[in-house]
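Right, I'll just put the structure down here and ask away after.
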Amino acid sequence: MKDIQSQEDHRRINIKKVGVKTISYPITVLDKAHSQQNTIASFNMYVNLPHHFKGTHMSRFVEILNRYHGAIDIGNFHNILQEMKDKLEAEAAHIEMSFVYFLSDADNADNLKSRRYECIMHGSLEKENDLEFILNVPVSIPLAKQMATGLPQSLGQWGRVVSAVKFRNFIWIEDLITLIEKAVDIAHEKASAPGENSMSVESLSHQIAQSLEEEKAIKSFSLKVENLAEGYSTFAAIESLA
Amino acid sequence: MKDIQSQEDHRRINIKKVGVKTISYPITVLDKAHSQQNTIASFNMYVNLPHHFKGTHMSRFVEILNRYHGAIDIGNFHNILQEMKDKLEAEAAHIEMSFVYFLSDADNADNLKSRRYECIMHGSLEKENDLEFILNVPVSIPLAKQMATGLPQSLGQWGRVVSAVKFRNFIWIEDLITLIEKAVDIAHEKASAPGENSMSVESLSHQIAQSLEEEKAIKSFSLKVENLAEGYSTFAAIESLA
Amino acid sequence: MKDIQSQEDHRRINIKKVGVKTISYPITVLDKAHSQQNTIASFNMYVNLPHHFKGTHMSRFVEILNRYHGAIDIGNFHNILQEMKDKLEAEAAHIEMSFVYFLSDADNADNLKSRRYECIMHGSLEKENDLEFILNVPVSIPLAKQMATGLPQSLGQWGRVVSAVKFRNFIWIEDLITLIEKAVDIAHEKASAPGENSMSVESLSHQIAQSLEEEKAIKSFSLKVENLAEGYSTFAAIESLA
Amino acid sequence: MKDIQSQEDHRRINIKKVGVKTISYPITVLDKAHSQQNTIASFNMYVNLPHHFKGTHMSRFVEILNRYHGAIDIGNFHNILQEMKDKLEAEAAHIEMSFVYFLSDADNADNLKSRRYECIMHGSLEKENDLEFILNVPVSIPLAKQMATGLPQSLGQWGRVVSAVKFRNFIWIEDLITLIEKAVDIAHEKASAPGENSMSVESLSHQIAQSLEEEKAIKSFSLKVENLAEGYSTFAAIESLA
């Protein structure tokens, strides 16, 4: 009786999401060169609740988390999402898994670059399963002239590319990184041609978008290109229409 | 000719947003107690571009920024937004102004609390002007027992409340802070009653939502309540239906 | 000739340190429960150079880094330090390895806590080898009353303990964590006794210092205890005389 | 009696520092162009305590803080430090005031650069007063060729210079910034001469050290130059012998 009244008082209010953030676990990720690599992931898990949902359900959330404690991986995303959706009577369930992926640069032993890429795997279940992969690729400034010393000297950081892709078919993280880094190289080359300006966020966006579009394994994508400057940055954001 | 072709090749691609991020300037904010206070703001300025927009327009952006250089304030948000929209032939224009607001705690000289609140003012112009104010209120843990020493000792941090409101009428930042902090006090009191659990993210969400709903100057709102724990946090998010 | 002159012009100047910061690699750490765990480390490597050292030696640095590329571990700290000292004709060589250590909480399956500890291993070689281990232990607020629901609910964060220890004998990371967390429990208990105030940074410092002092495997230590409050924090720092 | 015993048990332990961190207040800083500017400072205040000091003194600390609440400025550093030293019977007292200084770039209206510099003023009182000023100057990458469009386009970030100076005579923050930025320009020019490599952390360190040495108002200094790269950074640190 009291509950119904308190609900009538606040017809405009509804809890939309409840969840847990930044739980860290060691995980294993598929690696093209070595079949798997060990890294650390940080998890966000939350559900969208329906409009007239009453009461506290964090306890059911905790039950699910405890059952999968330390064993949450992309392989059982679907099972956990389904259980979250059922147990919490939710409209949708979400898992975000953030981790750092390392590229083993076997061909490039002279390179000091640690080749460290921040990634997020975002799985969600509403009526259908949905999987989005977000990749952060740092962009450095290529050397304009050959160094006398042969040192892997750096000219500094140009900026970064954050791409979010949905897949039609499986693709290695390594291959997606290569795709984007090749597009960066092409954009750098075009910008260094006589009569051209320095590489802009728009030109790099278009170059990468073109490469992503041509890759058959990718169903759709959005991307953001950011150029660091002293005290500010410029950016351009693009997304595929699909 | 070449341009048209390259466009036909990439029909699925469109630049959605271009802009500039984290330009910092000192600004002046209205303050109920002292009429104004000086603080530092960080600005993001960007536009949504139409589908078939061709070419680079960062130069026009820079012209606008240079004209208002160091004098961007909420008072001229509308003028800058209109100019951004016109000059860049954009569908929508956005300014996000992040700053820290300090509460002068005249009544409370014994209090070490610096009463520092992170705020964002987000102005946008599409067909109509729209203004959203985002306020971050830290939540501490009240002392369960009276301290013998009378020291302003802390038991630590419980979490924080991030609320985003749109206004019907003018309201002082100070009054919005007071509204939320009073709701936090009520929720703390309810949770400390015999037979009750410790304050949950859901119960605090509902308490604050109720207070925001009752404030006539507020047209609509969304809010997120976060409880820090060791190694993770829990959260609940609510929004008004309006 | 020119070099000697330029040196005479600036007799007051000497380069003290050169090095490389935040190179990340996956590493393996000894783990009491599972014999080893995979985690990610970030490395700083630098040398102290003598007063009248002339010229650029980053190239020699890079040679060493490339030779140990991706295989820097506590097991070969001494070899790398010796090589850094020799090749760079340095007075001292340093490696700082930062990583996150996870505790597998087998006894405590109901616990949402991810038990994640930030650690730094700092090896240095001047005349002798020296190894210091720095451990960051978060301190939460214990529940004052038994929860009806039995949920692992949190009251929030009290603060943290950062301890830096040098060892006489080997000690597991796990055992050092347990030593500190037990001291925190004792300090919490003492503070909750009738007539006592809430736990202070000084009382917690003394409790932990006493426990570290009693551990025979520890040669010397320093520690810093920090209590988070709303908008500021208080701290106390202690070190052993040894 | 009990106190003496507990002290004998722990002869190796002494509390070295107690204090308060990151209290934020708006402050006013002297500005060459406009006589003063408003900004926000974050304060750390702490004391070094003698070896056999007994008991908790945070309450005296809080009394001092409350008396100067919101009015801590470089003008009354000495008075606050003296009071901290006396009331807490301390060996030394410290205030660290961190703030952001903005350069009003009147001559350079076309420049998007917000010219934002992080600064720390560190005052300490042991037997004598001591004042150290720490300045963070970001270093960008100069354009190699004149841009056709005349846009203030950026090539990215090279790194940063952190200098800590003690003064013989008063010097404007603005003049210290100019001194360092001129040294950066000279180092960039030297590095772009035919046959030269890109600017190294060592060469930039030497160039800035030379300029600081020649400035009569500066008594002594230390500086650290850092070059950002993809995934790591290199650095060189120098200090004057004085």
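Before moving on, here are some points about what is shown:
Per-chain numbering from 1; labels A, B, C and D assigned in written order.
As a convention for this text, a contact is a pair of C-beta atoms (placed from the backbone, for glycine too) under 8 Å apart; a residue touches a chain by one contact, two chains touch by 3 or more.
Keep in mind it's a predicted model, so treat the numbers as computed, not measured.
The chain pair A-C and the chain pair B-C differ in C-beta contact count, and the higher one is B-C.
When chain centres are defined as mean Cα coordinates, A lies farthest from chain D. A straight line joining the Cα centres of chain A and chain C is 30 Å long.
Centroid to centroid, with C-alpha atoms defining each point, chain A and chain B lie 25 Å apart.
Remark: chain B and chain C have CA centroids separated by 36 Å (rounded to whole angstrom). Of all residues in chain B, those that touch two or more other chains are 20, 23-24, 58, 112, 114, 116, 149, 151, 200, 231-232, 234.
Those residues of chain B that touch chain D in the shared complex are 20, 23-26, 37-40, 58-59, 62, 65-66, 69-70, 100, 102, 104, 109-110, 112, 114, 116, 149, 151-152. Listing the residues of chain D that touch chain C in their complex gives 9-24, 46, 56, 58, 200-203, 205-206, 209-210, 213, 222, 226, 231-242. By the touch criterion stated above, chain C contacts chain B in their complex at residues 112-116, 138, 140-141, 143-144, 147-149, 151, 153-159, 195, 197-198, 200, 227-232, 234.
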